[in-house]
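As structure tokens, here come the structures.
The same chain A turns up in both complexes below, where it pairs with chain B and then with chain C.
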Partner chain A sequence: MFIHLENLCFTYSLGMPFETEVLKNINLEINKDEFIGLIGHTGCGKTTLIQHFNGLLIPTSGKIYVEGVDLNKKGVNLKLIRQKIGLVFQYPENQLFEETIDQEVAFGPRKLGLPEVKIEKRVREALKMVDLDYNLYAERSPFSLSGGEMRRVALASILSIRPKMLILDEPTANLDPRGRDNILSEIKKIHNNFGMGVVLVSHNMEKVAETVDRLLVMHRGEIILDGAPQEIFEKHANDLVEVGLGLPQVTECMHKLKEKGKDVYTGVLTVDDAERVILKKIKNDKEINV
Partner chain B sequence: MRILRNISFGQYIPRDSLIHNLDPRIKILSCLAIIISLFLITEYLGYFILGSFVIISIIISKVHPRFVFRGLRPILFIIVFTLIIHLFMTEGKVIYQLGFLKITQEGLIKGLLISFRLFILILTTSLLTLATSPISLTDGIERLLSVFKFVGMPAHEIAMMMTIALRFIPTLLEETEKIMKAQISRGADFESGNIFNRAKNLIPILIPLFVNAFRRADELAIAMEAKCYRGGEGRTHYRELKIKKADILTFILTAVITIMVSVMF
Partner chain C sequence: MVNILIKIKNLSHVYNYHKKDQIKALDSINLEIKNGDFISIIGSNGSGKSTLAKHMNCLLLPTTGDIWVDKMNTKDKSKTWEIRRKVGMVFQNPDNQIIATTVEDDIAFGLENIGIKTKLMRERVIWALEVVEMEEYKKSEPHLLSGGQKQRVAIAGAIAMHSSYLVLDEPTAMLDPRGRKEVMDIVKKLNREENITIIYITHLMEEAAEFSQVIALDKGKIALAGKPEEVFTQIEVLKQLRLDVPQITELALRLNKRGINISPHTLKVEDMVESLCLYI
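Showing the complex of A and B:
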């Protein structure tokens, strides 16, 4: 168990007139090599929740353990925790500040006190992970890049710390469909090739659902669903619609087919899967008729 | 990060009260009158009367005293500092001696007077900003400043700049907090090291903050131009400021009290 949350509650501006309860009694276990999608409406507490994972926020009550270490005990080295859990904020391109991309990506490793040779190796590696050519980009200013490229540099600047788990807050926000697909497939590649655990935070079911292995659905500060996306789409489609999240278009299509009397499997995530399921169904129906 | 949340300057607490509904011009002028008389008074009784007047206004405004007194926190240090300086540096009758440090009676009296002066000053201005929405405050300032238009005072432009500045204080604070958290997640450290290192550590916050602020200013300018904004010339107001009976009465009351205490004490 990598991250473990126990009865976690969090209230903003405690004791003030604007007091709001953001997280209510969250219990969660995350393993090191999982690929998780954390989905919920804007304002449901996703961002607040992930900021607890590396000790940026302190819970009002409840406990968080990372690799068995209680984060809110006195004298815990939070720097070490933040090195293990790489948190990429929403619009990470807004935190770039160095003169060159090389310096930008080297910021994290340098803060860790690594020797220069190792830093350069890490920078090269991190840029490669996000599909940017070191020789072409290293000496350029991060402010001269396009939005999508800036976001990749920001992602690389977390990857260069070599976290064991990567947490991304809305990594696809404000990107066009192609940029979104690129980022998602790069994250998937990082997960597969480097065994890095990933938590992907999003308010949009589309695309994220087909990328992840486990889905956490949040609603008003609580985790209401937890399971494989197929399972959730098959069994809990109504709950998703009820909290206003909806289903991916293909999945919704399959549910409509079922409503019309065709007994198809509804836990599909991609158009290809849907095609296969429908063809199989047609074939079966024909056989029965024959 | 907690520091950022405690800034109460310019925070408006909406309530439905006599003070809130007063014309902003009257409120600004009354505050000015109180502040001027604060610096004319030299006796305790005067401060007592003026202080009670301000405290009664706070009660009438229905704003929780906690908010008003929170405005005091940042300048508490200055008050204590001036008090101490006055206690030890004034010549006169010694009432307590600790080594070479002497507390004099004159110092005590003068120090307390100055503390009261600062105290009431902050209470008054806090009440003004807590009980007046930023928009009506700048509206009031604009109207008051336009008296000086004939000498070329760009009243509308000044008011617009103030409105925009006030509007973006919370945005910038929020953004600073976000950038800080993001850089902490990347391994930045803002809490240890000597003063030079700490200053250097601020670079990862300041540069993104400035870049974003400039970008936002640019976008705002374009948006304003798209809405055909072209400065104050011939611009009308959605909410016209009107002096009501309560405004006149408040102003007369304030004027009488401040003139009285200024002359008498």
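Showing the complex of A and C:
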């Protein structure tokens, strides 16, 4: 297992008047090749949790291990951990600062002390991963790009470090529907083609649920649900609504049908799923009547 | 111009007009907004939504064409402040528009600037807070509020000026589902109970579907306009415009094509459930 959390707790401003307990007793295991969605209401502790994954925050109590290394231990090489776990913050385009896209993406590998030949290779590779053409983009200023493109460059600057796992905090916030779909499909491609583990943090249920293999739902500093999206939508729809997350329209539709006594499968995530379930149900009913 | 309160005629806007890299953000827009309208504007990034919104209270002036608010042309500099008082604005990021240290001071800020008497100011602040259902937070510090609450404070600040129009530019983009619902509920109430004309920009088609009219912009032009059930059934056009289609409408259209008698104009989950119950 890649990341392992044991009874992890975190409190902001410990011992101060505004002391706030943000994470409560979190136990979690993440494998290297997983594709995980971490969802929850604003303020539930999502961002605080992922900042523990690469040692940006140190737990108030409890343990966190990355590839078996205890991050609390004195003398741990956090630099090495941060190469293994690439963290892409919210609105990463705000972090762009170099004059050209080439320099921007090269910044990480250069800080690692790689020779120039290797750096260029990594820049080309990272830009390709986010579907930006090196020849067209390398010499342009990152500030001349659209919002969606800037975000892809920011993502490429993390990918050029070649992390084993990629953690993204609200990667689709403020993008229009096309920009959002592009980023999500690129992340999915990176996961599939390069075997990189991914943790996607979001409060946009709909799109995340249809993209990931495993869903973690947080509420008030705890992980309250953990499982395949279909399973969570089928069995725990009420919990999702209760913690203020809402359901995709098609899932809500299936649950309402079920409430009316119709025997339909409720673990649907997409319009495709819903169409299939409804057509099958209609067909079955017809056969019974005949 | 009976009852037409915002009239937009051949409005075009070009950024960097005097420079080399001109960008035409709006291209001959014609639009009439009536008293009490409840309109949402959709469109992908760069389609001109925000540029259009900023013309409604003189934050931007037309490169060519005209826009009148209650018969006042926005180019008439003597009317700028009168127009801004009438057309309230709420932006995407609540943290950028809240300036005072308590909620009530923040709402009073605009009123103070136009020299309203203290007693009247108190009344207006309390009224605005009641409308957005935030009266119990009047002494709170804004940074301790949730995103949805902050946006409601921003709305209160705008309506305290007794604006007749409220332009909201993606007010829920940074909010979670609960915050989004809070803001939508208040916006509906403002339109219904206070008769404030609403112009609401959003990326979320589920939100846009709740308005009485939807306008879709593309490359600075109006690409689609009409009632939600007319606009959202044009799935192919919407996809070309880089927009989402509400899941329920897409499902209704697909089932309809399969010969199942469900109206392709279905926008609400409840209606879909009702229609389906006749079948299964």
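Keep this in mind: the second predicted complex is superposed on the first by the 290 of 290 C-alpha atoms of A that agree within 3 Å, B and C clash if a C-alpha of one lies under 4 Å from a C-alpha of the other, contacts with A are read in each partner's own complex, and residues count from 1 in each chain.
By definition in this document, a contact is a pair of C-beta atoms (placed from the backbone, for glycine too) under 8 Å apart; a residue touches a chain by one contact, two chains touch by 3 or more.
All of these numbers come straight from a predicted model, not from anything done at the bench.
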| item | value |
| --- | --- |
| Contacts of A:K32 with chain B and chain C, given as first, second, both or neither | neither |
| Residues of chain A touched, compared between chain B and chain C (which is higher) | C |
| Touching partner for A:K24 - first (chain B), second (chain C), both, neither | neither |
| First, second, both or neither for A:H236, with chain B first and chain C second | neither |
| Which superposed partner A:R124 touches (first chain B, second chain C, both, neither) | neither |
| Touched partner set for A:K256, first chain B, second chain C, both or neither | second |
| Touching partner for A:L56 - first (chain B), second (chain C), both, neither | first |
| Contacts on chain A seen with chain B and repeated with chain C across the two complexes | none |
| Residues of chain B defined as touching chain A within the complex | 5, 64, 178-179, 181-189, 203-204, 207-208, 211-212 |
| Interface residues, chain C side, partner chain A - complex | 44-46, 92, 146-147, 173-179, 203, 206, 242-244, 246-248, 250-251, 254-255, 258, 260, 269-270, 272-273, 276-277, 279-280 |
| Chain C contact footprint on chain A (complex, rising order) | 41-43, 146-148, 173-179, 203, 205-206, 244-246, 248-250, 252-253, 256-257, 260, 262, 264, 270-271, 274-275, 278-279, 281-282, 285 |
| Residues of chain A that touch chain B when the two form their complex | 13, 17, 51, 54, 56, 79, 82-83, 86-89, 92, 94-97, 107-108, 111-112, 143, 157-158, 161 |
